[in-house]
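As written, the chain order gives the labels A, B, C and D, with residue 1 at the start of each chain.
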Amino acid sequence: MNPNCKIKAPFFEIGPKSYLFGQDVIDLAKAADAASAKYDVDIIFTTPIVEIARVKAATSRIHVFAPHMDPLKPGRGLADILPESLIAAGAEGVMLNHCEKPLTLGVLKETIKRADEVGLTTIVCADSMAEASMIAMLNPNIIVAEPSELIGTGVSVGPEYVKAATDAVKKINPSILVLTAAGIANGQDVYNTIFAGADATGSSSGVAKAADRAAMVDEMISAVRKAWNARKN
Amino acid sequence: MNPNCKIKAPFFEIGPKSYLFGQDVIDLAKAADAASAKYDVDIIFTTPIVEIARVKAATSRIHVFAPHMDPLKPGRGLADILPESLIAAGAEGVMLNHCEKPLTLGVLKETIKRADEVGLTTIVCADSMAEASMIAMLNPNIIVAEPSELIGTGVSVGPEYVKAATDAVKKINPSILVLTAAGIANGQDVYNTIFAGADATGSSSGVAKAADRAAMVDEMISAVRKAWNARKN
Amino acid sequence: MNPNCKIKAPFFEIGPKSYLFGQDVIDLAKAADAASAKYDVDIIFTTPIVEIARVKAATSRIHVFAPHMDPLKPGRGLADILPESLIAAGAEGVMLNHCEKPLTLGVLKETIKRADEVGLTTIVCADSMAEASMIAMLNPNIIVAEPSELIGTGVSVGPEYVKAATDAVKKINPSILVLTAAGIANGQDVYNTIFAGADATGSSSGVAKAADRAAMVDEMISAVRKAWNARKN
Amino acid sequence: MNPNCKIKAPFFEIGPKSYLFGQDVIDLAKAADAASAKYDVDIIFTTPIVEIARVKAATSRIHVFAPHMDPLKPGRGLADILPESLIAAGAEGVMLNHCEKPLTLGVLKETIKRADEVGLTTIVCADSMAEASMIAMLNPNIIVAEPSELIGTGVSVGPEYVKAATDAVKKINPSILVLTAAGIANGQDVYNTIFAGADATGSSSGVAKAADRAAMVDEMISAVRKAWNARKN
């Protein structure tokens, strides 16, 4: 667990994956930056590796994360993603073990250790509550508990899952932040998830495929703020 | 084969791999840019994915290449390297099938096809003459014929290998440029390889681990020019 | 190329893959054994690894092949398939690079070399004519030229493909036997393929999913013989 | 967790890996069978896939395990290891996640579930105490807690590790049996490990590379019995 993690609940994760590239990624990052300031909500922007430096240069508030890294140290490794190189490019953290880039248990453990060494915040994906509990034992900063069968479907998880997954992780380490998501398609989905007790939620295709991406980001981040305020009262 | 390939013999390939990161990569790229102009030698700079945009912005003459890409089209693929994203970041080409990132035959074929579609020049690695001949049938722009057991050793390939590997590829498609390398440690190795008949040669650890990297680049590129001129006379 | 390859045209390849297991595999092997004798047609029976010894013990005429092997030598490698262990269990050859088990170019080359060393006949899969030509340069005993998009569909390849793929391989090495298949669903498909000029054809799902598997094997092997005789006259 | 697991402490695991093949595997299995009867100690014999049926036929007391399986169901999968096929060949269980065949978290979870469905006992490898605790949450029958850096070295783990790893697993699920090993080279190593509190230990290279393998098996299994009896008094 990176002790210098700057992210606090409530927060939101946006990942354009490979849906977008080039200027579209930069524009989306700027929209996220604006929404983060407008609603005072932390946003993790999981940025394609190739755009990390440009996204960092174009924004001031979002948390720039890489979608993956390898645990190597400086040396050989032609196409590997070197932890130190992410920091040099402006990344603040790294997502690991997404269902589109699954890791073996040994590599996951080693990569979290490398992230801790170099000072990158870790957000690690689990595709079920059982996995979320297991990964909690590796002490990442954030766990994404996302039933992988719902990813990209527009069908979102229910409040019971949100609560159960969050509790399962906190029981093992209460310092770990828990993001529950999958199928988040609009502000209402966001509201429901945060109101149900999540520290955070997020969206990839829901934002990337929206007709007006900036408007969708504003709608979703606004919903984070409203739900959080409602929960606090 | 990308018909708009801008590279012509003699040329040189520099790949910092994961030996360097951040400003060191930018500085090396600038040194390569200067040497390319000074000696009128094309240089492929195989850039860590995360540094492509910054290297492109900092240079004007070197050919910025990615060390890998995936054959996907825009869509899902959290940590994949999207071909279109490389072009958007300023890459002109892509290296494929390096022994540190080997591909199956089917994926290699599909990725070369995607590169041709989007207009990226392809430089494909073969670890033997037999592989070089096979890969020639896929019509990449450039083939690296590099006995993988010598990579990183400082022991360079001999002139017989240079000639035989070059001829093996040209026999199948004379338009393919052939780079022979492995173990290139100084200007003399470069001179010998180009003088022996190679279109190109290159270095990773020989440059990245040099005490004065810029001086080593200057020495090697100077040797390319001298050997080529000697060959022509 | 294993110089002691015992297979000659016309021949047929049957692969139960994971459609069948246990006694069903043994029974299918026996049916193939009977059909091989009845029609004097060589049959490669690509046997699940776990059934190689039992299939060999239960048959006398079919050629027992493994569906894969690793290039390792005796030593570590808990779950690897050791070449020497296949021979000890009674295998005569090995299939490599099937689209359900694709190999990198380097591993494919090394594995064919190991097969030659220990005396296993190699049947290597290519998913297109381009791949078939490339693989021919590695000199396996047999190449399967099978458009992978048709595998398991019941749509078979046409006579032009059969001829073109066969010629493409023989042009590089006339000693290589060529099997063209994909979508072979009945005796008529078999007849058409062999009559069109193939050295061999084969079936997986067409046999494994047949209501009466032994009858389907008999129908297909009978068709091999008839088509071959018709071609010779 | 397979409810019909027949193995009880103390037990021993022998894995010839790819060190041995053919008749040598059968002979070692027979030696293990004899030692199991002689000392009344359960033995898991992790058998190369290709030898499972022959080892099962040649023995009566040892527990025949596969070194790996895939989670597929009957269908396509040319070179996959189908769970149902292991049972048909006589296997009683399966080893998963060995450091020579590591699995992603998702695949490991799914494969344990498939093993439970078909009735195979699971022995899952962890390369550290942290991993052992995590894997315990997936409820396999047995966990191997084996620091991977010691595997094959002849340097064995100390009693503190044995106790701590065993306790870490039992704390999560006391029904899980724990095998601690790595570097077990002779009967004394075995004695020390069992006496220190392990349910089980095991050896691969220590047995496979012994000058007299049958004698080494006898020595080690005898040590299991002696240490267990000493522990009980």
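Structure notes:
Definition applied: a contact is a pair of C-beta atoms (placed from the backbone, for glycine too) under 8 Å apart; a residue touches a chain by one contact, two chains touch by 3 or more.
Fair warning: this is a prediction, and the values are worked out from it, not measured in the lab.
As for how the two copies subunit A and subunit B face one another, over half of their interface residue numbers coincide.
Computed from the mean C-alpha positions, the centre of subunit A lies at a distance of 39 Å from the centre of subunit D. Centre-to-centre, using mean CA coordinates, subunit C is 35 Å away from subunit D. Subunit B and subunit D have Cα centroids separated by 47 Å.
In subunit A, no position touches at least two other chains. Viewed as a network of touching protein chains, the structure reduces to one closed ring of chains, two contacts apiece.
Remark: the chains found to touch one another pair up as A-B, A-D, B-C, C-D. Interface residues of subunit C facing subunit B in the complex, by the touch rule stated above, are 97, 99, 102-109, 126-128, 130-131, 133-135, 137-138, 148. Listing the residues of subunit C that touch subunit D in their complex gives 15, 17-23, 46, 48-54, 66-68, 72, 74-82, 84-89, 95, 98, 100-101, 152, 204-205.
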